[in-house]
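We just call them A, B, C and D in the order they show up, numbering each chain from 1.
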Amino acid sequence: MPVTLADNNYGKSQVRLVKVIRQGDRHDLKDLTVDMQLRGDFEAAHTAGDNSRVLPTDTMKNTVYALAARHPIDQIEEFGKVLAARLLNKNPQVSQAGVSIREHVWTRIIAGGVPHRHAFAAAGGEKRTALVTAAGDRVTVESGIEDLVVLKTTRSAFTGFVHDEFTTLPETHDRIFCTSIRASWVYAHPDVAFGLCWRGVRQVLLDTFADHDSQSVQHTLYAMGEAVLEVHEDVVEIRLSLPNRHHLLVNLSPFGIANPNEIFVPTEEPYGLIEAVLRK
Amino acid sequence: MPVTLADNNYGKSQVRLVKVIRQGDRHDLKDLTVDMQLRGDFEAAHTAGDNSRVLPTDTMKNTVYALAARHPIDQIEEFGKVLAARLLNKNPQVSQAGVSIREHVWTRIIAGGVPHRHAFAAAGGEKRTALVTAAGDRVTVESGIEDLVVLKTTRSAFTGFVHDEFTTLPETHDRIFCTSIRASWVYAHPDVAFGLCWRGVRQVLLDTFADHDSQSVQHTLYAMGEAVLEVHEDVVEIRLSLPNRHHLLVNLSPFGIANPNEIFVPTEEPYGLIEAVLRK
Amino acid sequence: MPVTLADNNYGKSQVRLVKVIRQGDRHDLKDLTVDMQLRGDFEAAHTAGDNSRVLPTDTMKNTVYALAARHPIDQIEEFGKVLAARLLNKNPQVSQAGVSIREHVWTRIIAGGVPHRHAFAAAGGEKRTALVTAAGDRVTVESGIEDLVVLKTTRSAFTGFVHDEFTTLPETHDRIFCTSIRASWVYAHPDVAFGLCWRGVRQVLLDTFADHDSQSVQHTLYAMGEAVLEVHEDVVEIRLSLPNRHHLLVNLSPFGIANPNEIFVPTEEPYGLIEAVLRK
Amino acid sequence: MPVTLADNNYGKSQVRLVKVIRQGDRHDLKDLTVDMQLRGDFEAAHTAGDNSRVLPTDTMKNTVYALAARHPIDQIEEFGKVLAARLLNKNPQVSQAGVSIREHVWTRIIAGGVPHRHAFAAAGGEKRTALVTAAGDRVTVESGIEDLVVLKTTRSAFTGFVHDEFTTLPETHDRIFCTSIRASWVYAHPDVAFGLCWRGVRQVLLDTFADHDSQSVQHTLYAMGEAVLEVHEDVVEIRLSLPNRHHLLVNLSPFGIANPNEIFVPTEEPYGLIEAVLRK
């Protein structure tokens, strides 16, 4: 039976980039990781070893640095649009260019009570993300958050669930709820005040997580997504992925010690994983 | 504008399981990591905090251990089918159950020149994988390999590619080709001699990687997939994902030392990433 | 020739603990990882399989949870002293008990403009650490910081170094200086206002890093340590370990683009590693 | 009070190196990670920003590649001696040079039933290690193993241990014993058939682990070290570090299922850690 190339893509991943922006002796810092992915007419490379249509991934890497020197990169969505347009428009064999960017956030060191002009500390694991996809005349932009780890010590219950022969989990009206928020949302159009909008969505996610009377991870996930869609007009869809980082109550009764929801073991594995897409 | 739940799924990830099988004083060992994912009628959990249709992920975890005690787990595809069937059939609200299993391979320690009866060494990073999806009466089975790291020191070229203003990569007729094979393949039907087939596909992938005159990663990827589809009748589709783990030739000329493809720096990032799906 | 047991120790590592402290509806959260290590008369366990003097590491783990329920844990040095004393005093065969604690910092979510009463976000990678060692009547306390990643975009030079036949590094008067601070310091006595002191040392380290005119990593390391010893009377010794996370200037000249210290590649490996101990 | 520089060292870490050795169309492959560390007269660099005695870590990196081109690297202990001698002898300000090398093992792909001439697969996580320290005329050589993960399904007990108020661990006569062997040993002199000796020590460690009737991790650790010292004349000291990777028996009794030492959960944390040094 003949073999066909049903799908293919290629690109460069983990291109690391730091840009220093100098305004007199006050410096700004942007720290990005860029992944790029092309789709298009690359059949001959696969089937015949013909590279005449292959833009090397090394050149894609160079393109990131060259364009980062020529263009501002402070809004990663805008920089993603510049990169995707370049990859698509200079290469007729490319039908779709995807650019995924993660921003590693730095904050100014507070020295002598004031933010320092050129010294920074890494803000931690949380990343701002963007995914720009360009195909033909169409550009779609998604923004997102990764690794925003949050925890609430109360107002989280889990009761009334299915019981079967393998059930051992007790119902609980008060548990720790800890998750690492991964969210991405789609804009109705590619021209948005991205930074402002990103900070707004992030705050809505945090506010809702903190104040929701949670009946389950699903329940809070939905509330978080719904709040974002209600508050942010330009956002038409949001995807949320919430691992449930279980905190197990330690049984201290063998030692004659009470444990009124006080001493927990945080566990890495296994973990629940709850995902959903909400749409207007 | 009303908000709708466009998609959702949930489950338990990273359920770790070791099973010891005793045949007299000769023991066998299986070491698995299981992920499960359900789709179905879970809207009320999201929108109303109603858990009456939610099978807790903790119960899914218990189910893995209970079924691993009752059933053989030596073919992970078969164990995946047992698990997926249970999750689907005992829960009318579930429309699709996905079970993903990674097997961590152990080999017997050779002591006194012979394989030991009950002592083992971890075989390394390579994992055998399976993905079973059950929906209604339909069961699909994929087998796969992850983290099989291979390297060839010659018979790998990269020439004749696109040149543009950002090109600096020299053409090369002889380079190191190193990748971490990730492959998964779909069977025409769910009843296959899975272990035999898995070892056969693995060998075809290795043979082809080793002996192919590579013009690019794409070229070798295609040859590897094609060879699998040609040799294995039961395999109807294969997906390959090959990161290009670049090995850079070190420039020793400042020290008056020649470097005839001998001294390299292996790099972690950035890396090329080449992916394709081949189908009969 | 006879074999002797020249040294030995054992203990439990990576004991994870979260404690919730409730003051009405305002909750506090402590998140610790505890390692314990015992030295003492354990020769018979090694040479004769006699466990009669072995306190199981499982019991050490239980001890962490039981004591965390009975005692405050907000100053990790104080909790380390309680744990070390217990391990030493209840076990006559133990000659030295070491307790190492890492604290994972959480900050309150700001919701509606105010710090939330029971919702938190992980503050990132930085850890506060403590090492308490108890032997006989002697208790020593070290405090420390791990994974505090900082970067300055200027006021860092590296010139006038040794040149030999393998030198290719150009001298530079202006480079990025990025490091992940690992520091630990010894107190003159075990009764200190640990939290206050820790925040003070941390601020001196940051201030000095930010404002020093660095001639090398060594130069700034010494300045940081010296400043701590000068400002903090109770600190008699400080150890600093500073990896040099190199940021390489990208060569854009092939593309006719200037790069006036603007576009850099941050690299993970290799890295310089500079370490020193300063003492009063 | 005056501040003194009590100790200091610096160097380059994680220098990655692959060397291809060609014998006709049969190739060999060596894959190393090298760390170097210098001690000596570097006080002026710290206190005065005077780099005139500082050999840049970038030059150390170059030195690795240059010497790897000029010298064989197949015995990492020998290559470590070459590197340490160069760093010590060319730099009068250096009083001690330490070189630590980890070798990542590759095995030939078996294609068509025979080992391939130029295609390899990564052998997994296990590393061969060497530490060479040169100071004045004295050179010491240690060899070692890291990340050799082993497991035995029986002949491991843990009974007769101390009981106190926090004991919950049951005594057991039959448990899984899983560890990741980290061993390093010191040779009586720096001229040994290193490869032969390394394979010999490794086999003794595996044989003893497999066949020992273990009363505790300590008991087996000691037996492993003792066997090495007894069999290998040139080895005068061995250090072993054995994490106890606990495998917990799953309680299936709530489901009416027996679990006769068959179904286990392997856990990552917490873990016991047992360490000792044995000497002739």
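Criterion: a residue touches a chain if its C-beta (ideal position, glycine included) is under 8 Å from a C-beta of that chain, and two chains touch if they have at least 3 such contacts.
Everything numeric here is computed off the predicted structure, so don't read it as measured data.
K.L.:
Could you tell me which chain lies farthest from chain C when each chain's centre is the average position of its Cα atoms?
P.N.:
Ranked by distance of C-alpha centres from chain C, the top chain is B.
K.L.:
Look at the interfaces B-C and B-D and say which one is made up of more C-beta pairs in contact.
P.N.:
Looking at contacts between chains, B-D has the larger number.
K.L.:
With chain centres taken as the means of their Cα atoms, state the distance from chain A to chain B in Å.
P.N.:
Roughly 24 Å, centre to centre.
K.L.:
Which whole number of Å gives the spacing of the CA centres of chain B and chain C?
P.N.:
One centre to the other, that is 37 Å.
K.L.:
From the C-alpha centre of chain B to that of chain D, how far is it in Å?
P.N.:
Taking the mean C-alpha position of each chain, the two centres sit 29 Å apart.
K.L.:
What positions in chain B touch 2 or more of the other chains?
P.N.:
In chain B, residues 16, 62, 66, 166, 168, 255, 268-269 touch at least two other chains, as defined above.
K.L.:
In their complex, what parts of chain D are in touch with chain A?
P.N.:
Of all residues in chain D, those touching chain A are 165-166, 168, 254-255, 268-269.
K.L.:
So in the complex, the part of chain D that touches chain B is made up of which residues?
P.N.:
Chain D reaches chain B through residues 16-22, 25, 27, 29, 31, 62, 65-66, 68-70, 106, 109-112, 116, 118-126, 148-155, 176, 206-207, 209-211, 247, 250, 252, 255, 257-259, 261-267.
K.L.:
Could you please specify the touching residues of chain C with respect to chain D in the complex?
P.N.:
1-16, 35, 37, 42, 45-59, 61-63, 66, 90-91, 158-162, 164, 166-169, 214-219, 221-222, 225-226, 229-230, 237, 243-244, 268-280
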